[in-house]
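See the structures that follow.
What follows is a pair of complexes built around chain A, which joins chain B in one and chain C in the other.
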Partner chain A sequence: MKLAYWMYAGPAHIGTLRVASSFKNVHAIMHAPLGDDYFNVMRSMLERERDFTPVTASIVDRHVLARGSQEKVVDNITKKDKQEHPDLIVLTPTCTSSILQEDLQNFVNRASMSSDSDVILADVNHYRVNELQAADRTLEQVVRYYLEKAHRQEKLNLSLTDKPSANIIGIFTLGFHNQHDCRELKRLLQDLGIMINQIIPEGGFVENLHELPKAWFNLVPYREVGLMTALYLEKEFGMPYISTTPMGIVDIANCIRQIQKQVNIWSPILLGKKFDFEPYIDEQTRFISQAAWFSRSIDCQNLTGKKAVVFGDATHAASITKILACEMGIRVSCTGTYCKHDEEWFREQVQNFCDEILITDDHTEVGDMIARIEPSAIFGTQMERHIGKRLDIPCGVISSPVHIQNFPLGYRPFLGYEGTNQIADLVYNSFTLGMEDHLLEIFGGHDTKEVITKSLSTDTDLTWNSESQLELNKIPGFVRGKIKRNTEKFARQNNITKITVEVMYAAKEDLSA
Partner chain B sequence: MKIAVYGKGGIGKSTTSCNISIALARRGKKVLQIGCDPKHDSTFTLTGFLIPTIIDTLQSKDYHYEDVWPEDVIYKGYGRCDCVEAGGPPAGAGCGGYVVGETVKLLKELNAFYEYDIILFDVLGDVVCGGFAAPLNYADYCIIITDNGFDALFAANRIAASVREKARTHPLRLAGLVGNRTSKRDLIDKYVEACPMPVLEVLPLIEDIRVSRVKGKTLFEMVELQPSLKYVCDFYLNIADQILSKPEGIIPKEVPDRELFSLLSDFYLNPVNTVNEKNKPNLIDFMII
Partner chain C sequence: MSIKISETLTFECETGNYHTFCPISCVAWLYQKIEDSFFLVVGTKTCGYFLQNALGVMIFAEPRYAMAELEEGDISAQLNDYEELKRLCVQIKKDRNPSVIIWIGTCTTEIIKMDLEGMAPKLENEIEIPIVVARANGLDYAFTQGEDTVLAAMAHRCPEQKTEIEKKIDDKSIQELFSFLPLKTKEKSNKSFTLKNTFSLVLFGSLPSTVASQLSLELKRQSIHVSGWLPAQRYTDLPILGDKVYVCGVNPFLSRTATTLMRRRKCKLIGAPFPIGPDGTRAWIEKICSVFNIETQGLEEREQQVWESLKNYLNLVRGKSVFFMGDNLLEISLARFLIRCGMIVYEIGIPYMDKRYQAAELTLLQETCKKMCIPMPRIVEKPDNYNQIQRMRELQPDLAITGMAHANPLEARGINTKWSVEFTFAQIHGFTNAKDVLELVTRPLRRNNNLENLGWTNLIKIQKR
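Entry: the complex of A and B
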């Protein structure tokens, strides 16, 4: 079967729903036709939480099409208000229902008059932005709504907390290892003597959002979601933010040094002392994290100079590229991201750490790039893992789109010092190891003797006759794929459709010449 | 045979459609006119009252198609023309295009869709979206109503573009233009020169057509009392005869919007230039020889 279509980021309403269902006691209502409400299924399957996903669909059926929504959406909002007593109800259309161009803001205005909860319409253009951008936008909208509301009610308290504190912005449901990363960040900040003021949206209450400005600074671990909120808080309340992702030894140290700089602005005045995190960084890097010595150990030597390809969201792809290039001595032949809206930042981050950069959301382009480069390992999303399987190249998954495998029961963070251990393991275990390499060579591979027919071109016009297939079978498994590809490439270049043993040898001669 | 009638809003599509329907019925055909406009007043002059729409009927039966009988939705109009109104949501709600598609589906289920010799769709103004283009999926011919003005011809050009688009996948042809309420046809001729298509008929500005609409009667009904109007009916009978002769029709190649603008406005702004241009090619030809 041929995979016809794949999207790295989902449609906009998924982003909105992820933010809404990350908050506690927030209900989301989708104005959607039947079938667009798969979010509930997806989330309850992946996150394995105790509670039901607080998302309801107000179905766009033939009555709505023939008559307009009339009272339906408003009724559904008030019904949920009475049933669940949420703090906030978020209404969102989907791509399909936004074609109808119904005035949902009007429904929201009417419903908010009769309900106890707050009601807002997620203000997102469904045909312009993707899941990640919509999540970023919705989070900012919710934060802005509650801060402005607190301002009107004169409940806004702008004084800083007594001890240094931070908000962590952008941890949310269905994120790539977000829960584990969050625990690791909490531990990191605690070690530094910094209190957690709030973590949003995951597990946060919207009623507490008015206390966000009390923190000394904001920490945005992933730039895909949370940056807009941090920018808003900086503009309105002068709150500084740190968006360096603490992933990998080098960037963790960078991040901690930035935290130190922010904390030391106020601490001499408020606490009468200055913080110095350098001893902490030194101790963690040299004695706690295993990654630093491991990457210099004999085990890792056979990774040096091996080729890898990286692809993922901007945050993870950039960080992993830097880790591979700077910390593990692996040659990154190509790195790329599907976050086309963040291209400029991404290029700036990785430009000196890789041979080429690919910015695309077309999985076939990524597949072709990997097939062309033939790296020893891929670090990508579930899509690249799929490509890797077809090309017989190992792949470590480092970024969303997520899969049930990315919700491990064990502790698997990517951020912080424990994250460096996990990443080192992932990288090391992804490559075919040194001894394994030799043994494969000696014993002719560990796979079966069938001819590999896996290749990226599904509609091949080349035929192998029985002698050449037999010859192919004699070739050790671990290089068989490569030889098959090279032979087919040679055949295509010379307009040969039937591959015989002679053609194979000609291809070999051609290649070595 | 299925015919879809399009044209700029207010150009007289419904009036023309009703009269063509009767003309076809006079030629012994079994005719069904389907009003595909949420305004649901297309068949008013045939039935003399606003008939319940398909969507009204479906709504009252809670979309139980099996409870809907042909007589619930198909009404007998003047001159043995049958009438259906699709109906639709109030402006700004729901999806009017969905209703058009749903109407055809229901008529198919009632087996009414194949019983008629002629089905005539009277569609609102322009081909605004896929839904309102739905009649083109079923039609053999498209007829465009226009007058001798800029806006109507501009709309006609847009409809021609839709016809070309649909004709790629459907056996649809443009039967031609019908000029309505127009004493001169110079602009129509200018357009047809740039975008070749047949002109089926040009109806002059006749006060009685307007009056007939107000009275809720077709011209054919008014003739019964005013025999002097018979010549007006002949226009419609002429159109009907042309359709019944199963013309080859064309796949139009619409004029790009900008070009159309300059084409039609130049016509009045620089009438002399156009004459000169006509002479020029002759001169060049002469030089070459």
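Entry: the complex of A and C
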């Protein structure tokens, strides 16, 4: 047993359902007690989904428990088959119902005899893997199922597309800015003259999966979901894959260079030419994206050597760490991930870019670390944002677990060249800014928790002498009011009626004491 | 599919493939209500993720609840349940020192047959904190019934009514029981109100303290003194129960608590409609008064006054139709109030219907329909959401009161929705709060008046496949 207040990654069935409901015309049946189907709420509310979430719970209640679930599950599968005619029905238990140890595979076999749809059982251990691992596993299972099916029916077409093409693997529902990232990736590939063969699972049809091997290569933007599928496709069909996340100027260039390498294996033979993406990389880096220029600008100079802490899923935490350290000159005091299963990769990625590394899924450890380090800014999940609030440290959110705020209506990608702009904005706005920072340091903070006088007007019993008035006028407008109030508050508390420059600085000292 | 609207109350039962929240969600409001409590949900990651996510109660403010997350070793019984729970409870005692720890059993503890009730007394002695066990599992209960299981379990812990001699010794503790009253009236009430021969009244159901005192005040106007609430603001202030105590519920989902109070604590149950809407509140007070042989004073005027103040809202809802998909078991009371407001209710979906505990409410529903000359709505127990959506397509109600999972898709199809959970969390009880119910109900209708001329009602593409 574990005392838990909060968790970074959800239970396994959430991952399975995220994959299943991302495909088009796929229905998932949950074998679960009442109330376990809150996935529907999450998807409908967070993604502001217009369509009914294609997930139905076949409810396990006391009655069902006594008699066994077979009849009900099979009945619900066949009913859904008749009602919606899905291409595929995925059956999944939850942590709870998996303990019943019912022979769900047998239910699936029976149901598929009387259904037009394909029916599969999501093959996941609910006590050993989390949401992300389960999603990865389920995606691979679905892809494997359809490729093997095509192989049996001899429908498999292994010839490459005429023009260079790619599959994007791992874009799915409830992902962190996934929809925006997907649009950005499409644009990037289009700019490079590479066709998109398929994007899975988001918006894909399972009936088309047998055409996956036609692509020249696979692109896996996030490590958490899609790698297993890419590895399977590599092993079975010799398809190369690229798993460098195109986040940040440097890694986008790396990713594009790998793409170039892949397409240049076949293009001299098939198209009689070679691709050179270097001019594109250069143009984008220096002139289209504003991020490289931002790094050079005087604004970013003020960030030099500031301390930051990074925490998130392996992909985002590693990429952001590299961006902060290499592209902006910010000192990353600690970086960490809750993806414990990917520890080795993560350490290797970030070891030269940060002072320490923290691998944990216990948010209290992360909180303690942040409190100890006292960074100027945090880049983390919603949990770190909250920790930051309590410690009065600004936080930019860079990773799942998702929150309604991570589904902005506007365009906010993290990947690609537009993503670099967004990240630069996020980083810059997270730190207390240049001049403001200096002044706050001198005069002690933004805080206006207490009301000093009832009226906001300044004609009070306090008088400012000419020097202090002058000193006050030297302070830029946006903090002047605050400093004036802080000083007057101090004066009142100490029964001072005449405010001199000395009083101003005594007030400042008092605040910082 | 033919849709008939019958004249008498008919109950149907569908497949039960409907969406509602897990009953453990009661933790979210009960921990706030009982200020010195700690709730420990003994369940899996699935339960924890639900509390964290679907309810939006991220465990940020370090609230007084946590998960005892069952891991593989617990499920396969490699670990000793007692030792594991002890470890966690000792930790909780050290960190938070609550007056009571409430163990919330889940589906998983049911399935692995973890003997929480057996372990609690032993551990309670060992760590010297009361431990209450409630089985708020989704195998037996729906959403709000979680509160029912907790209150039923707490009913066992309420102090027993003392005999006259014992009472004197205990006087101080009883005095404390009235500590919410101002000092002067406290003395007075102690004199004028003695427990020895007269009957006392305890109300059950968790309400925000302001609402609870509003209801107490309404009864005080009729010279009825409420001697306690289950639950009280503090666990240490649980009401005194016994065979001279009348009990009355404020929520329709508390049938198990009612039964426990009657059978195990020998209390006398007052079966009244629930104090939701001016009509319900009046009927509720009237019923309580009739039990105490008190003639109500100015109650009719009070109700009339409230209706008068609702006029603007009534103009908006009159003649409009509403469809309850079924979620929180407040459906019958809300439907009755909305019918009284002049709305037409097509269907009342409800997860579970205790016809005995809700008898007075059902009668009032029937009377209200007759009075308003409106056909009786169909009541569907354990509904099937898929079928309901088909019916809604046909009926095109002006408003659907639905769980969160269906709200956005229905809105996209031009059907106005209101989340049923909002009625669970909003203050809807009593005369003063009737306005809040209508405020919620009319919000989508008022929004529509604003957006009416834009021509954006349907926001989905015609399906091609």
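A few comments on the model shown:
Basically, the second predicted complex is superposed on the first by the 438 of 513 C-alpha atoms of A that agree within 3 Å, B and C clash if a C-alpha of one lies under 4 Å from a C-alpha of the other, contacts with A are read in each partner's own complex, and residues count from 1 in each chain.
Keep this in mind: a residue touches a chain if its C-beta (ideal position, glycine included) is under 8 Å from a C-beta of that chain, and two chains touch if they have at least 3 such contacts.
If you're wondering where the values come from, they're calculated on a predicted model, not measured in any experiment.
When both complexes are overlaid on chain A, the residue A:62 reaches chain B and chain C alike. In the superposition on chain A, A:25 makes contact with chain C only, while chain B stays out of contact range. In the superposition on chain A, contact is made by A:5 with chain C only, not with chain B. Partner contacting the larger number of chain A residues, of chain B and chain C: C.
Contact with neither chain B nor chain C is seen for A:245 once the two complexes are overlaid on the shared chain.
In the superposition on chain A, A:179 makes contact with neither chain B nor chain C. Of the two partner chains, chain B is the only one that A:70 touches; chain C does not reach it. Of the two partner chains placed by the overlay, only chain C lies in contact with A:38; chain B stays clear of it. In the superposition on chain A, contact is made by A:103 with chain B only, not with chain C.
Comparing which residues of chain A touch chain B with which touch chain C, the overlap comprises 62, 65, 99-100.
Looking at the complex, you find that chain A touches chain B at residues 62-70, 99-103.
Note for the complex: chain B touches chain A at residues 55, 58-59, 63, 87-90, 92-95, 98-99, 102. Residues 16-17, 19-25, 42-46, 48-50, 52-54, 58-60, 62, 66-72, 74-75, 79, 84-85, 87-88, 91-92, 106-108, 111-112, 137-143, 351, 386, 389, 403-409, 412, 459-460, 465 of chain C are the ones that touch chain A when the two sit in their complex. Within the complex, the chain A residues that touch chain C are 1-7, 10-11, 13-14, 25, 33-38, 40-42, 44-45, 48-53, 56-62, 65, 76, 83, 94-96, 99-100, 126-128, 130, 382-383, 386, 401.
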